[in-house]
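Chains: A, B, C and D, in written order; residue numbering restarts at 1 for each.
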Amino acid sequence: MPKPLNIGMIGYGFMGRTHSNAYRKVNNFFDLGHKPVLKACCARSEDKAKAFADQWGYESIETDWRKLIERKDIDVIDIGSPNNTHFEIATAAAEAGKMILCEKPLAMNVAEAQKMVETVKKAGVPNMVWFNYRRVPAISLAKQIVDEGRIGRPFHYRATYLQDWTIAEDVPQGGAALWRLDAAVAGSGVTGDLLAHSIDTAYWLNGPITEVTAATETFVKERVHQETGKKEAVKIDDACMFLAKFANGSIGTFESTRYARGRKNYNTFELDGEAGSVFFNLEDPQLLSFFEYRNPEGQKTPSHLTGWRDIHVTNSEHPYMDKWWVPGCTIGYEHTFINALADFIGGLDKGEPVKPDFEDALYTQKVCDAVLESAKDGQWKKIG
Amino acid sequence: MPKPLNIGMIGYGFMGRTHSNAYRKVNNFFDLGHKPVLKACCARSEDKAKAFADQWGYESIETDWRKLIERKDIDVIDIGSPNNTHFEIATAAAEAGKMILCEKPLAMNVAEAQKMVETVKKAGVPNMVWFNYRRVPAISLAKQIVDEGRIGRPFHYRATYLQDWTIAEDVPQGGAALWRLDAAVAGSGVTGDLLAHSIDTAYWLNGPITEVTAATETFVKERVHQETGKKEAVKIDDACMFLAKFANGSIGTFESTRYARGRKNYNTFELDGEAGSVFFNLEDPQLLSFFEYRNPEGQKTPSHLTGWRDIHVTNSEHPYMDKWWVPGCTIGYEHTFINALADFIGGLDKGEPVKPDFEDALYTQKVCDAVLESAKDGQWKKIG
Amino acid sequence: MPKPLNIGMIGYGFMGRTHSNAYRKVNNFFDLGHKPVLKACCARSEDKAKAFADQWGYESIETDWRKLIERKDIDVIDIGSPNNTHFEIATAAAEAGKMILCEKPLAMNVAEAQKMVETVKKAGVPNMVWFNYRRVPAISLAKQIVDEGRIGRPFHYRATYLQDWTIAEDVPQGGAALWRLDAAVAGSGVTGDLLAHSIDTAYWLNGPITEVTAATETFVKERVHQETGKKEAVKIDDACMFLAKFANGSIGTFESTRYARGRKNYNTFELDGEAGSVFFNLEDPQLLSFFEYRNPEGQKTPSHLTGWRDIHVTNSEHPYMDKWWVPGCTIGYEHTFINALADFIGGLDKGEPVKPDFEDALYTQKVCDAVLESAKDGQWKKIG
Amino acid sequence: MPKPLNIGMIGYGFMGRTHSNAYRKVNNFFDLGHKPVLKACCARSEDKAKAFADQWGYESIETDWRKLIERKDIDVIDIGSPNNTHFEIATAAAEAGKMILCEKPLAMNVAEAQKMVETVKKAGVPNMVWFNYRRVPAISLAKQIVDEGRIGRPFHYRATYLQDWTIAEDVPQGGAALWRLDAAVAGSGVTGDLLAHSIDTAYWLNGPITEVTAATETFVKERVHQETGKKEAVKIDDACMFLAKFANGSIGTFESTRYARGRKNYNTFELDGEAGSVFFNLEDPQLLSFFEYRNPEGQKTPSHLTGWRDIHVTNSEHPYMDKWWVPGCTIGYEHTFINALADFIGGLDKGEPVKPDFEDALYTQKVCDAVLESAKDGQWKKIG
């Protein structure tokens, strides 16, 4: 019988839902030594906390996250609240000896993130950041393909994360639903929200970036703020693009926006190497495109048979897929969180740390900060 | 607070898992008047029943389905056991006044199915057959498009359901995992397993078929039977193809096989009409392809702009999708069962019957039987 | 220096253009021992013959095809006139000792085709039928893949040829442009026009068909005839579908229509075998999709890497492509005629017959006739 | 009857072939007031000139381009020789009053290009640069869509031009075939060869760029030079990427390389605007992807029907396509040159200048030079 793992969930929004769903489902599909127990959820509004607890089956509620952290019956603090709360909560949780599962981006900036890494290290608490896309089976497969030597010497990395949901000028900023448009709460716009994902994936697949040059743009200059009811300047980046040089000698382009009409969750990457290439698009998450020029045994694909192949990543040999249904049956967005959670619990079972942790997320924060600085002064920035 | 809906689940295989998952999740996402309670699961083997109950949280187990049906604390009998058990169980359950959720195909043949329809009608019990693919949002959207008049006069229907998992000659037949290859248990091969889905979808979208001519093939003539350990003749249809005439004047082709190398869950259909066409492929379930020649208001798409559009069926305006995540985030195979269950419970809440019920499934059985008969004598068969 | 090959072209319509273009271009790209000379073109209308000669550079014109055949300075008679003229012209041309390049379908029926084969054999004249799609590089590559043993034991063949240009009821029948809708001139509708292509390709890739059952449909029952100006019954098949059994043990479906809204030149086939599968679609002619399960050396594709690959058939190693531009640069529809012509002339240079000739086309005619007969009486028909 | 237009072709390589083919074919398909006559071709080697003349039907040869320019019987000088010859030839041709059709890139640098523009203006000679991709029907259609107001306020432009043919380290540089790898002859690597196309297309569709920041990379540092037989430093850019700001307020990314394994002619662009978006990929040149959010009449696509549509750009209503075959029949790479030539001759017929001319090409040269300068010092560069 798995041991209970008592969860204290902070936040009840979109991420609160995805995480709660993961806690409820993970043991139905994965054979693990721990089983999450939905002990308590926390929101400033008692009504909202209650409704959320009812919806998901939390045993109790809190309206002050400090009280949640003080509770003896909580093992894990899950931080699903807006970005500007991560630092304070994570610091307190670590100091209270709680494990921490934190939404991305880790922090508002490198200074915060750096301290958070030091704090969790000092406290020795298991920690993970919800860069869930590493656990899209197709992306995990891309990592496997890289690790098997099927890409060879890398030349190019190319990432986009395109959406279109903020084009209308009458979308307001701020409040529970739209804090991602409010720089005071979100820290940045697409850079922290979307490019953070792209950077984390690139780091995993292609290693560290050494240098960047960037530009950002804010297409809609003013939006009504939901708290003041007044038009206020939009201070986030609506779009961000940058050029990158990787430590391994390859070069890359990155771009993110919420103004690409028709692109809804167009999180793509391509890695081109001497032996092969891979391409992924989150809008078709069941597929990984792979071009094989030469396999690790040195055999070249016959010239008349070369082509990009669409791997339907639903075989039982594919990452995570033996845990789900049968070959040919797709899983969806929510499963990336469940897979991530299964990895975290698996690490816990074995006493091994799991990536991406706060340290990985600090790296991503460094790139994000460098990108935003470069966008201000137009200079190339080295990643420290 | 939703009322409890006590579930008695028969079967612990692939479908046992998909249904159990649906019961556990449906109320987290849908606002319903009833909430399934996993009261008991039933398997002949006590060990398997216990393991299944542990995995999914059933409160109790039974090893004899008759006892399950007798239990007063059970509201719904879910039949997830092999095809040759459906008739007997459903009949007993209906006579005991239980609601019935039955896996497809409904029965081994029309004679059984006909009696089952009569029995549930007489008993007046709510019933549904798990033709889950109607609840793929993209397929529901196709139905909406038809109903909105966007196809117009229909000319062609074209369905395939292709898989490749039985090509190897050393795949055995029979037993818990491979009863689908054993004609005595499954009734037929791809016709009842896969074409039944295609026929149900066609019926929903394009109405009844009046006539068919068919051919079947069994490519591997003998396979080891898991129960006898000996090579025995394979009596199922490995592949089946038929031509159809629809009552609405359109014509169609249907084909299914488990020998289409590279096709894993290639359940496709295309409906071509005077005003527009739709195409769907279950391997890319997030997409519906739509060609619009003229809209219901009579406006033609300008000639230089006509084209097949890939609708990424993840907008909140799409069927079921407001219940799940945010636009651009896909759901997967399992959600078709949850959506179907939500519809069934919604019907229960309102006291309205829900389709596809036993009667719809009888229709599909009639087509399947006609197809198999035609494959024997090579004659066109009318659907009675 | 290549020897002159004097061409006498009969017909000035769509096929007259594609053939004339081929004659003009072939020696710019292929190194051949003969060079077509546009000696004369022939049309009943002197004005049309002149205009066509001016447009394409024919040296002279004729208005009676008998005179053209009598001319000593003509080596090749190219029959690009409507179907009901093929028999008479080809017979006369063969008897006059001319080589013959004939548009498909070869004849109005098997009786004609049979005699035509006998006549060209007796006359010993080189002959070819313009089943140009064999010379789409991607289709030639499919043939190469079959011949290399990359498909293995074949299970399924699946062909469609879908168009949508006759849906409007006010499209007339008959006359120079629309004789394909006039049964008296065309012989049949989609069966001879489109399915003939599908059958020829299937024969080439997968061998002979032994048996068929079919259905046809005429959706628009009456159309104005361009010659009478009156509404007349439409006697062609607007759509045709059939089931087939191949001599090699595989089974197949074929379908063709001019009523598939949104499909313009959707000539597709898929061949599924034990070792691999191929898929082609003429609307994307630069691609061949290939799924490799096991190569002829017995190596299986690793399970995590299996997938359909899109071969961009523009490498210099691909059929015909070393003659054209550079890798990555596509060729188009017209090049299939040029490639076919280059093969014919190459055969002439070496004194070797080239396929598909009249005999191959007779086979296709047999299947077409069997299909049309089956569509009448609903019985399976053996291909004699 | 069209008037003769006497062509003097300089260069016999890849571009010599594409242009000669265009001269031979254009009047078979377009109704024009002038008809090219292949008067003379010119190469330094007499043998090569003769062979080329034989292959394509040139009436005479020259081995000194100066003599060709002096000939009275030549109307048009076509410059298809390497980049480092363009300036001198074009200057002499213009001063001799010849019309000029020049391959791209126009010049080795802005200084040359600027003078060339002045020279042709002074001479008043019709001129065009072979940016043939504007005449891909799908790209012309994209331009039409922009001009019809279907994109609306533009936000993003995104271009890549990826190839993979120089990855192998044993590909040499220099000589007749590989001068594109020799900086002394080509001026630059992918910037002038590939990005010049991307920039020209962007300029046409989205207007001028005001500012860029760039990075280049040379992955293979040394290659054998075909003239010296020795390893020499590679001085071209193997890859180039840049960020751009457009005058219209949109922003863009551009990337080109010859090291993207699996990409052969992957010339893509996407333009995202408030009302709609378009995407194109030269590897599938028959398609233009279009997303329509709102049409110019203000009607929004219903939310459940939005999607990217693949326009198969072969309708007779599409640019150039009424001149070619029938709907559904593709054209290929070579036709872009024929379409371009038809436009040039059409301009000549009417006495109107045609774009892209030397002036447009000067603009592209300015962007290329700015990109290469930025890649050297890492600073943003304004386009003067």
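Please note the rule applied: a contact is a pair of C-beta atoms (placed from the backbone, for glycine too) under 8 Å apart; a residue touches a chain by one contact, two chains touch by 3 or more.
None of these values were measured; they are calculated from a predicted model.
A.B. asks: Between A-B and B-C, name the chain pair that shares the greater number of C-beta pairs in contact.
C.D. replies: B-C
A.B. asks: Compared with chain B, which chain's mean CA position is the farthest off?
C.D. replies: Relative to chain B, the chain whose C-alpha centre sits farthest away is D.
A.B. asks: From the mean C-alpha coordinate of chain A to that of chain B, what's the distance rounded to whole Å?
C.D. replies: A distance of 35 Å separates the two centres.
A.B. asks: Can you give the whole-Å distance between the Cα centres of chain B and chain D?
C.D. replies: Averaging C-alpha atoms per chain gives centres 54 Å apart.
A.B. asks: Between chain B and chain C, what is the separation of their C-alpha centroids in Å?
C.D. replies: The computed centroid separation for chain B versus chain C comes out at 41 Å.
A.B. asks: Please output the residue numbers of chain D that touch at least 2 other chains, ranges allowed.
C.D. replies: 306-308, 312, 315
A.B. asks: What part of chain D is in contact with chain A in the complex they form?
C.D. replies: 155-156, 158, 160, 162, 164, 167, 213-215, 217, 219, 239, 241-243, 245, 249, 251, 253, 255, 257, 259-263, 270, 272-277, 291, 293, 306-308, 378-380
A.B. asks: Across the complex, what residues on chain B touch chain A?
C.D. replies: Within the complex, chain B contacts chain A at residues 14, 17-18, 20-21, 24-25, 28, 55-56, 163, 165, 264-266, 282-287, 312, 314-315, 324-335.
A.B. asks: Where on chain A is chain C touching in the complex?
C.D. replies: Within the complex, chain A touches chain C at residues 141, 144-145, 290, 292, 302-312, 315, 317-318.
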